[in-house]
Amino acid sequence: MARRQDRLTVEDVNGAWAIIPTPAIETGDQWQTEDSVDYDEIARAVDGLIESGVDAIMSQGTFGEGATLTWEEKKKMMEVMVETSAGRVPIFVGVTTMNTRETIRQLRHARDIGADGTMLGLPMWQQIDVPAAVRFYQDVAEAVPEMAIAIYANPEAFKFDFPAPFWAQVANIPQVITCKYINIAQLHLHTMVSKKQIRFLPLEIDHADAAKMDPEFNTAFWSPLACTGPELTMHWRDSVREAAKTGDWSRPDELYPQMALALSSLFPPGGFAEFSKYNIQLEKARINAAGWMKAGPCRPPYMTAPEHYLEGAAKSGTGWAELNKKLLEGTL
Amino acid sequence: MARRQDRLTVEDVNGAWAIIPTPAIETGDQWQTEDSVDYDEIARAVDGLIESGVDAIMSQGTFGEGATLTWEEKKKMMEVMVETSAGRVPIFVGVTTMNTRETIRQLRHARDIGADGTMLGLPMWQQIDVPAAVRFYQDVAEAVPEMAIAIYANPEAFKFDFPAPFWAQVANIPQVITCKYINIAQLHLHTMVSKKQIRFLPLEIDHADAAKMDPEFNTAFWSPLACTGPELTMHWRDSVREAAKTGDWSRPDELYPQMALALSSLFPPGGFAEFSKYNIQLEKARINAAGWMKAGPCRPPYMTAPEHYLEGAAKSGTGWAELNKKLLEGTL
Amino acid sequence: MARRQDRLTVEDVNGAWAIIPTPAIETGDQWQTEDSVDYDEIARAVDGLIESGVDAIMSQGTFGEGATLTWEEKKKMMEVMVETSAGRVPIFVGVTTMNTRETIRQLRHARDIGADGTMLGLPMWQQIDVPAAVRFYQDVAEAVPEMAIAIYANPEAFKFDFPAPFWAQVANIPQVITCKYINIAQLHLHTMVSKKQIRFLPLEIDHADAAKMDPEFNTAFWSPLACTGPELTMHWRDSVREAAKTGDWSRPDELYPQMALALSSLFPPGGFAEFSKYNIQLEKARINAAGWMKAGPCRPPYMTAPEHYLEGAAKSGTGWAELNKKLLEGTL
Amino acid sequence: MARRQDRLTVEDVNGAWAIIPTPAIETGDQWQTEDSVDYDEIARAVDGLIESGVDAIMSQGTFGEGATLTWEEKKKMMEVMVETSAGRVPIFVGVTTMNTRETIRQLRHARDIGADGTMLGLPMWQQIDVPAAVRFYQDVAEAVPEMAIAIYANPEAFKFDFPAPFWAQVANIPQVITCKYINIAQLHLHTMVSKKQIRFLPLEIDHADAAKMDPEFNTAFWSPLACTGPELTMHWRDSVREAAKTGDWSRPDELYPQMALALSSLFPPGGFAEFSKYNIQLEKARINAAGWMKAGPCRPPYMTAPEHYLEGAAKSGTGWAELNKKLLEGTL
């Protein structure tokens, strides 16, 4: 058992929290396939990311295909992640399901095999209201108190807009220490109402902007890009950390437009709402094109996307890979 | 094993297809409860409905709490339904899950215990597109060809608006014979593009209007009201059947406004969208208030609703019960 | 002055209520053009429709470009419509604006020149609530009591979903006699709550279905198709009228699939919501392609649409023209 | 004529751009009222704000009731604003209408009386697409080249989400120099794609956060709060300006939570979407409660709101007034 003695706290949330896909074997897009997971690739990626210096690893969210894995697959994947990490970095697994009891059941297993926490979204049949959403996280925390919780605040997937009153209340749950967060517009407000008991993880590209808002507190971000070659993610983290100390933001300001340009082709016309319809397919196309990790095909039923969307995503992956290459060559 | 020899066809879809809740024991709203289902009440309700004359029974959809049952509970409930019916009416169980493979796994079990078909919605993490939605039903039908499929066309729960091109394509899947349908505005169009291979089940209250549009084909409806006392549902079905033969619609036209009035308080201000946020809670409040079936509390996380919404729902239940009483007294 | 002595009532709402575009001269899509309207074409079309037998004419709604005409243009167009009709059929003009007082000002002018009523939508800056929407129609009716009102119930344009409580209340305004209506799913309910004080005009294609629901009351529809050649619209109206009398719906049932097929290419993938983004452009492309009326270009800012959407719309127009040709040849 | 010789540029956009309501006389909520505007109060407020030090004044947007003024009223109000300012600060008037030509007509008048620019939103009948939205601003700029444009980027009112490709294109229009902006999540990206040709005005409360992101460029904000007593707005502007120079953000960081707390009751449960349904009514209730300016009643049809929403808004107004009082007493 590699898990730490004590539950993680908000103080433990810093730097790059990498998210990885669940790599699939060649027939992973067939319903007939019983075990679709490429476990060797998971082990290789987790080890590679840790060696590169990421601060934590999360999975089984959206492009981690938490929704389309069987429980047997998810269980084995968790185990490979925990064993490979061997306590070197926190491992957060995804146990978002259709109800409270099933989430608790899965989370208890994650605890038993030594995971550190869960990236956890809401059941998504109804459009839930604030009291029920708060109660959900309270119930899970009460049932499995040993596990830290990173709230997965995705409004498209979970039909919930995660407003200020929600954050004010879940901040009182000691297990809730961080949040995979999408829109920094209310980052300041939500940090305030949660009394700094939750360190929100902004989008990788927004890390410098968030750090400028509060250099001491906004020290972490979630990274979907580390698994397309971790070098730039590490350099970005370190450049922002340095700038937060010195007050000289010239290096992050130099990197931002190049990162934004590479990412722009990931989003189809129609923006985030349209992207959300195909996010699994596009993220895996991006990762596959970059070449650092073999994400493989997507699992049923979320397997296809319009061809030109996939091309944009692939271009975004190769664009990022080029930035990494430039960085290694010293020309970025 | 009570299942019929042959798979049901569109010809077998007629009359009142009753939907039942999954009754809960007193502690059914606690996450700590391992088995929350009141199986005796299921057996009693299924038998009572069949004795009253309903034409089929479905469950484990929205207010059947398909989302919040554990697999163990769902499995046992299916068995009780199938055993109680003992082949008297078709039994359709709900196996909507987060992905294709899990749905197939559950549906195979339903087949093995003798269920006739499934009321089946879409995985709901992404907002799925038409090709992927069609492929989902094709995959399930290919994997478990013995089972009939009633598509569960709920746009709020499944983030999909079930447009004409979808119906044109799923009509080619022989297993797809019917559909739990909400909005009759496109009933004629959807029946046309599906070449009458699918008999859509309109809302109970819309049954006469649908039958007027096409008296020979539109012969069935889904009934959430049979389980608040089946008499009026049976009388409504028979009155419409008679009118479709004779062309004299005076009896259905007399019943409609009284039914509509009783139902109106079920919907909070904000209409169907607002209702959908609390549909489980409101439907169970309605059923509990009517008194024919003991639906019990709701399962986590969908347990609470604004107090005045619940009052409206209860009023709707007692209002319907009064209509039933009047009917039995001969004063309706 | 051609206007009737007395305000129209719900009894006067029957048959085909044709809607016409506001034809534009060649430079009508330029902001520099001061008067963009082809008044001769209006006179020709109004006369032609009346000669063909339509029951009323409405304009200045969505594809009538009520939003993008200048007040001077709209005023002159109203005058041409009223003068050409010369009392032969009711003329309903559009005075939807951004506020109550401007609508009243325009409606008073319409009254003064002899129009019979208005097809009137809601101010659309805010998403209005039910009490304010009811009050709007009350205020307009109080200010210009001589004019009949056809409520323009377009949920996309006006950000309002026109629920049952709205209809229950506006039914008490004597001026409100009809409604351009889109979704027949709640036609029965809305007719009931409005106590038959409002005769709803369903989509042309839904006319037979609505008439089947209530052959005596549902006797009218709004027609966007008369201006692509009025013959089929007249034949459709008459066939439904005959069927409503005899109970033999075979002729309408024969026409429906052919009409539905011709219309299907008008709607882009994405359905009604996507269509609404380009409805002016697509309707004018449809009308121009059919050739009966010269609708001309669209006015700024709603001038362009994706090329393949426009092609679908044009195909829909020529398809309808072919149905008309077949009808005249006796082969439909 | 007080207007400057030359059109304003992006360099001229700095500090607090105050937005004022259009004050109404006591009967301003009656449709019978022909001139509803309290012109003396406008003159008093404009003069008071300029004396207090605001950097520009805008009006006739949402709570400026641009939608519900008659053209005669709007014209006179523009004149009072321009005459009162007498060239001391830029005056931006609202000419958002239902189409391109009417906006041009109104803007030409604004130019002729000496206004400096316009806060301009999109026609709102259709949900416009990016090419048409860009074309709209191009046409207006071409027609009235002397006037500067502040794009009014309100996604709820105008049904448009103002994505990055839009900003990349309108940045090429020299007249477009600023933007009333709501969501800072994409402020960095939009500033980048517009190549710093547009200085976006974030929400007043977000001014410090935006300034931290880019202290040299993000130097301005729009202020709905100056008209509830301008002292705190001025102090906030100056504190952020000082912090941007020294790098010591302690004073803004001290003010933020108190400002956020006072504002929180302005927003009803349901957040920004629900607020947008009643924003005029709530903003005027807020301003009236604060007492610095007499906004008066709201004009038809947007006059009422749920009572507890109005109470929250009023509380927000008095809360802000208390902050102003504390500031003057030296205890903030």
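Letters A, B, C and D mark the chains as written, and numbering starts fresh at 1 in each.
Keep in mind that, in the parts below, a residue touches a chain if its C-beta (ideal position, glycine included) is under 8 Å from a C-beta of that chain, and two chains touch if they have at least 3 such contacts.
Model, not experiment: these values are computed from the prediction.
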| item | value |
| --- | --- |
| Both-way neighbours, i.e. chains that touch chain C and touch chain A | B, D |
| Self-contact between copies chain A and chain B, residue sets same or different by half | same |
| Separation of mean Cα positions, chain D and chain C [Å, integer] | 37 |
| Whole-Å separation of chain centres (CA-atom averages), chain B against chain D | 51 |
| Multi-chain contact residues (two or more partners), chain D | none |
| Chain contact topology (line, ring, star, complete or other) | ring |
| Touching residues on chain D, where the partner in the complex is chain C | 31-32, 62, 67-70, 97-102, 104-105, 122-129, 131-133, 135-136, 139, 143, 156-157, 159, 276-280, 299-304 |
| Residues of chain B touching chain C in the complex | 130, 161, 163-165, 183-185, 188-189, 192, 206, 209, 212-213, 247, 256-257, 260, 264, 269, 271 |
